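Take a look at the following structure, please.
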Amino acid sequence: MRVVVQEDAFDLGAEANAFAAADDTNGAIVTFTGVVRDLATGNLDVMEIEHYPGMTERALTKIAEEAMVRWSLGDVLVIHRHGRLVPGDRIMMVATAAPHRKDAFEAAEFLMDYLKSRAPFWKKEITGAGADWVAAKDEDEDALTRW
Amino acid sequence: MRVVVQEDAFDLGAEANAFAAADDTNGAIVTFTGVVRDLATGNLDVMEIEHYPGMTERALTKIAEEAMVRWSLGDVLVIHRHGRLVPGDRIMMVATAAPHRKDAFEAAEFLMDYLKSRAPFWKKEITGAGADWVAAKDEDEDALTRW
Amino acid sequence: MDVLYFAWVRERIGLPKERVETNAATVSDLVAELSAREDRYAAAFADVSALRVALDQELSDFDASLTGVREVAFFPPMTGG
Amino acid sequence: MDVLYFAWVRERIGLPKERVETNAATVSDLVAELSAREDRYAAAFADVSALRVALDQELSDFDASLTGVREVAFFPPMTGG
């Protein structure tokens, strides 16, 4: 299990290869990668991600440990960036390895749902017209009821 | 959309990076990778994958197209190997890119469920004790009823 | 028409592909015709519920018509992924 | 205790962190005490249903006790991922 919070970019391909290289008991590997999307108006200059140092690592570790308890997993990886990002940049990734694909998929969705609403990150969108904090979506909170 | 059937190994990391590099309208990228698992007895020497050239490409393309119709996706990738593999080798991968994570996750699970039971591949496990064709699992057929 | 066999069906019948001249109307008729031909066919087709069939590379059924079909393939349930 | 503010709560109050000497028994008491202090606090805490609170880096509730707590953080609902 590995949880990383960093300002620097990460290499999705290198991380995926390293994660999948671990062993031959986990037949199923799922990765999810979040990418900074441009706005519908197509004018996003910068996405600023604030976080709560200390609590962030604790919250992500707790979520990853919970996934390891709930599903039959061989390994879990969580990487999340903070700081200034631009459209196309990769914000975060999670990866799960499991003997069976159902566990790998469900655990990855669980990690994403919890990470969205329970890890202390806040996004701010900066355009030529100004800066706005991204509002939490009801559907993200609702997604937690599934688990 | 890209569908590849090949005997050669593929580079999960390079494929994931290339797939994710496409654009900044798809905020969610999911990959699934299937790895040759060793048997519970730990004595799998070779996993031989037979396929039906021609029909394989047609079936995978049809499944990928169906996913593009059912979910709001930016892109789909399917790679599946055939021939002789050993434990730890990567058999196949699918990747989905979507504006929203729910679409990316569901489409990847749909692709896997259909690919398992509707694409003409057959696995044979070769150990020191002999060779056995892998039997299809009822749960894999049942998984299709979800869609 | 061309008849193809995969996986253990191929191994049981002993060849991957053959040319068959037939007037069989349906897949089931073709199965009956082949099974009557030799024991190895009868053995391979003993339980058709354990088999799948594709007509011109599309999954089909055993009661499907063979009219216009150029390629028939028999194989066990798929195990890809 | 240390009181931390994040995102628009930090911007509205105008600082990321401060040391607060208080006898507030619960989070709600602390919120009332800060709100009474200056308008910018009152503005930030106007609608606590739009806020979340963490005690010693664990998500908590506004009616939770502050006994033994060293670090309180206020912020809007999270938007990671």
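For reference, chains read A, B, C and D in written order, and residue numbers begin at 1 within each chain.
Just so we're on the same page, a residue touches a chain if its C-beta (ideal position, glycine included) is under 8 Å from a C-beta of that chain, and two chains touch if they have at least 3 such contacts.
Here the structure is a predicted model, which is why all the values come from computation and not from measurement.
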Touching subunit B and also subunit C, the following chains: none
Chain whose Cα centroid lies at the greatest distance from that of subunit B: D
Distance from the mean Cα position of subunit D to that of subunit A, given in whole angstrom: 26
Interchain centroid distance [CA atoms averaged], subunit C/subunit D, Å: 72
Intercentroid distance (Cα basis), subunit D paired with subunit B, Å: 48
Multi-chain contact residues (two or more partners), subunit D: 81
Contacts with two or more other chains, residues of subunit B listed in rising order: 34, 101, 112
Pairwise chain contacts under the document criterion: A-B, A-D, B-C
Subunit B residues within the subunit C interface of the complex: 34, 49-52, 54-55, 58-59, 80, 91-92, 112, 115-124, 133-136, 141
Touch list for subunit D against partner subunit A, complex: 4, 6-8, 10, 54, 57-59, 73, 75-81
Contact footprint of subunit B on subunit A as seen in their complex: 11-17, 20, 23-38, 87-88, 90, 99, 101, 104-105, 108-109, 112
